[in-house]
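Chain lettering (A, B and C) follows the sequence in which the chains are written, and residue indices restart at 1 in each chain.
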Amino acid sequence: MSTGPTDPNAPRVGVDEWVASHEQRRTRRAGVLGVLERELTRLPHPAFYLAFGIAAAIVPAVTSDGYVIKVGLDTLLYMLLALGLNITVGYAGLLDLGYAAFYGFAAYGYAMLASPKFGLHWDTLAVIPVVVAATVLLGFLVALPSRRLVGDYLAIVTLFFGELFYTVYQNGEHMSLLGFTGSRDVTGGPNGIPNIDQFNIFGARIGELNYKAYFYVALVFFMVLLFAMYLVDRSRTGRAWKSLREDPLAAELMGMPVNRLKLIAFACGAGIAGLAGTVFAAANTAVFATEFDFTSGLLIIVYAMLILGGAGSLGGVILGALVVNVSLEVLRDPGHATWVFYTLIAATLVARMRPWRWLVAVIAGTVGFGFAVHAIVSAVWPRGVHGEAAVGGVLGSGLGHWVVLPSNPMTIGNVAFICLVLAVLVLTLLRGWVQKLAMIPTLYLAVFVWENRLVVEPSVTRLILVGVILIVLMNARPQGLLGTSRVEIV
Amino acid sequence: MQLLELRGISKSFGGLKVISQLDLHVDEGEIVSVIGPNGAGKTTLFNLVTGVYAPDEGDILLGSESLVGLEPHEITARGVARTFQTLRLFLNMTVKENVMAAAYSHTRAGILRSVLRTPGMRREERDIERLAEEKLSFFGQRLIGYRWDQPAFSLSYANRRRLEIARATATSARLLLLDEPAAGMNPVETQEIAELIGRLREEGGYTILVIEHDMHVVEGISDRVVALDHGVKIAEGSFDGVATNPRVVEAYLGTAAAATK
Amino acid sequence: MNWNLFVTELVAGIAHGSVYALIALGYSMVYGILKLLNFAHGDIYMVGSFIGFGIITVFGGAESLTVSVWVLLFVMFFCAMLGGGLLGVMIERFAYRRLRNAPRIAPLITALGVSFFLENAAQLVLGAQYQSYDSYGWHNGELWVKGFTLPAGVHVGIAQVIVVVGTIVLVVGLTLFVRNTQLGKAMRATSFDREAAAMMGIDVDRVIVATFFIGSALAGAAGVFNGLAYQQVWPYMGFVAGLYAFIAAVVGGIGNLPGAVLGGLLIGLAQSFSIGYISSQFSDAVVFAILIAVMLVRPSGLLGRAAVSKV
């Protein structure tokens, strides 16, 4: 590069490079935080993946709580699923809504080949590759007729495929070939397939319900695939997938065989789900079709993880799965959930309300409003305050004096829930001090609904939460936490 | 020696005949410009050659091989690359990645070899990277150095057009189809583009078919000019001959203007 | 040839198909305007069905109705259609409006989220168990006892007639509306080219709201029809029916209104005949096969027009 002010091609002040680096100068933070931020962004991503792997590996060593390890195992399985879906959706931009079917197919496949069901007890090192290969093949078969479909149609086809899978497996205890052969029990129907063989790797046989061992198996699988995906990302195929996601027509015209790439992405995603399915089957010792149905929320939860983390981002897979699954687990226990609920509300208010006098005003207003309402209700309708808060201890008794807790909260709680939804929607339409004022009764209503309805039915509440996460995310921050700015489906 | 030949090409969309019995040829090393008012069928022509549409009649030959019926990526692999009237870059990918991606058709490493990082794959990656750097340095200082790792969406409009051309050259094409490469550029940039096209032929050995509206560019670069109107070829020849052709004047400016010529 | 079975399945298929057609119409209309697959549409159908159920309860419950059947039906339809329409409008306003120009994955995922939210909110508020319209119990089942008998010995109750005739009325009404009113023409224009329509002075927001309202109202009506003929309502009924209606809309040609009706009938009949002649497991597979076949042979649907986009 030639230098000197007379060279017309050298970067000039006010133009090109100077402008480009000006942006950088402006956004750099000062001091220690700045140095930290700069060093962190300079680290290659595999360093973070490695850090995660080490941290995860330590978890079963420091805790002997079986529940925590099981949650960890579930989280790792979700991470695997999100990783596979990331290829299909995040890289190739194919909206696969039947993804759970691949997971179930593999789980059932493992169960059929390694359980008393058909008397087959194949060796682990034989079953897993066979099942994964079969799932990849299934992925190919599903993607094949979808080759020429625009993204929306693919979504429908895959969604229906997922439900078809569920119907077939759920009713599979009387399967006959179009009425020609006799009826045979293929999938166990609603009873699923129990007593699945455990993993037996090179003679090391994992004991039943030894979640710790399966945790490590899943972790190893995940880390290997994570690094593999990182390497693919920086390769010819990864570039082609990313180009396909950006602009499929331009990619095709730049020599990339778009249809073939879509097929491969779909099949790879399916294969990873297949691998996860085998671990799922062995760890849970039994499979049931209802676990892979749309209404179980499995598909939606994986999508929420993927979107929250950021589709197309590998680190996002880890983060999204962690955040969502841990949140969902916390929601199972009313006591923990309540703490999280209030902390979240407080955190959101603190983060979003500036200046802080508004924050203080709203909180004070809500507290005062609450006591007032509580006093009025206990005077007018005593049964309205005889119920109990879900959480115990100090918080519980404090809440008992502040929140209206009817002794029979069902109907009024339901009505309040609907009112809460409407109130939140209206809140998004308001501005300024009117909005702040409206926040007070809305917050109180939210607490009311939480204490009386949501916290006592955690299984439904967690699914409602997942739906809300998706809606809010897509409206507020579609690229999720770590994703690139746009992912288009093709 | 003919590199590209269109024989009797016709294309209709619904009831509208967009291209009608078109014969066109481009010799190796030539720069041919295609001109005509909007709606004349110029971009459709490009789409037919690159396989986005299939012609209703006629044949398209690259060298001696017919391109009709081939998938677009197969046509690109045989040596035809294009740019787009409305830019179609991979905006979220870096400048270098955009160009490297286009090397797909003449490289071979699959997923397995990529994961295992075989020596063959690593060598190929280095070659691809060097190819991208080489193609980008064709544009002087504009797309090199720190620019390589910047996302494409951060580029200025003129640089985006240059990047698109660089990406097209990375496909190792012999024939470049440039669709309005100077659109939206100021006079200085337009002049640069015209010089660039000349250099692409001189230094790069490309055969180039250009759609362009700016007559200065057309005049400066073309060996031959083809004029289309409503899907029909109305004139062909040197720039001066075509520019003064009464049918061409009529197509652009109307019959009264043609009458005064 | 067992005519009895054939005609029974034919009647069932037409009735079911009518319900699917109504839901499919809503899908098609919204897709035509926004190019959005509104996954939550099936759940609007579910809400409509529950509204109808609520009306029955308000009027004393299935066994002890306090009003005549016709009054009951009128109120049910009015409320379900109004409620469904309003719900659809709310969903558009709060979930989809901001995403009009976002990459297509955003509204699709949001629609998934809305659908899931509605299903589980319904489960929270209304309970997970199946409820029943129990139309056989209304004034001693007068809607089922009265009717006519077809040649093959199959009895068709008035309830089923109401479903089919009601669908015809609604479809004809919709067609007249779209073809003859200003708003209808604006809807067609907007679905062709939203930007051009806006430039011609059409209030695109209003058109979109109207589309959602009408489509969702039809879904609400379909919910009542379904309850009337098939009794059961439960929170996840929208997912299943929505899926079939989706396929119907796609098979018929998405964005195409006569196509949605044709698709609905086709899917309804295919389902019925599969259940009757093969088995209920395979009815899903048959429908899936039809979908794939249509996608491969005529990707834009049976009556659809392939869109040509400029490169």
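As a working rule, a contact is a pair of C-beta atoms (placed from the backbone, for glycine too) under 8 Å apart; a residue touches a chain by one contact, two chains touch by 3 or more.
A quick note: this is a predicted structure, and the numbers were derived from the prediction, not measured.
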| item | value |
| --- | --- |
| Chain pair bearing the highest count of C-beta contacts | A-C |
| Chain closest to the middle [Cα centroid of all protein chains] | A |
| Reference subunit A; chain at largest CA-centroid distance | B |
| Centroid distance [mean C-alpha coordinates] between subunit B and subunit A, Å | 44 |
| Inter-centroid spacing, subunit C versus subunit B (mean Cα positions, whole Å) | 49 |
| Centroid distance [mean C-alpha coordinates] between subunit C and subunit A, Å | 31 |
| Residue numbers of subunit A (touch at least two other chains) | 249, 486 |
| Residues of subunit B engaged with two or more neighbouring chains | 52, 84 |
| Multi-partner residues of subunit C (each touching 2 or more other chains) | 311 |
| Touching residues on subunit A, where the partner in the complex is subunit C | 89, 93, 95, 97, 145-146, 148-149, 151-153, 155-157, 159-161, 163-164, 167-168, 171, 175, 178-179, 249, 294-295, 297, 300, 303-304, 307, 311, 414, 417-418, 421, 425, 428, 453-454, 457, 460-461, 463-464, 466-471, 474-475, 478, 486-489 |
| Subunit B to subunit A touching residues, read off their complex | 50, 52, 71-73, 76-77, 81-82, 84, 88-93, 97, 100-107, 109-111, 114-115, 117, 121, 124-125, 128, 140-142, 145-146, 150, 154, 167-168, 171 |
| Subunit C - residues contacting subunit A, complex | 31, 35, 37, 90, 94-95, 98-99, 102-110, 112-121, 123-126, 236, 239-240, 243, 246-247, 250, 254, 278-282, 284-285, 287-288, 291-292, 295-296, 299, 311 |
| Of subunit A, residues touching subunit B in the complex | 1, 9-11, 17, 20, 228, 231-232, 235-240, 242-243, 246-247, 249-259, 264, 268, 484-486 |
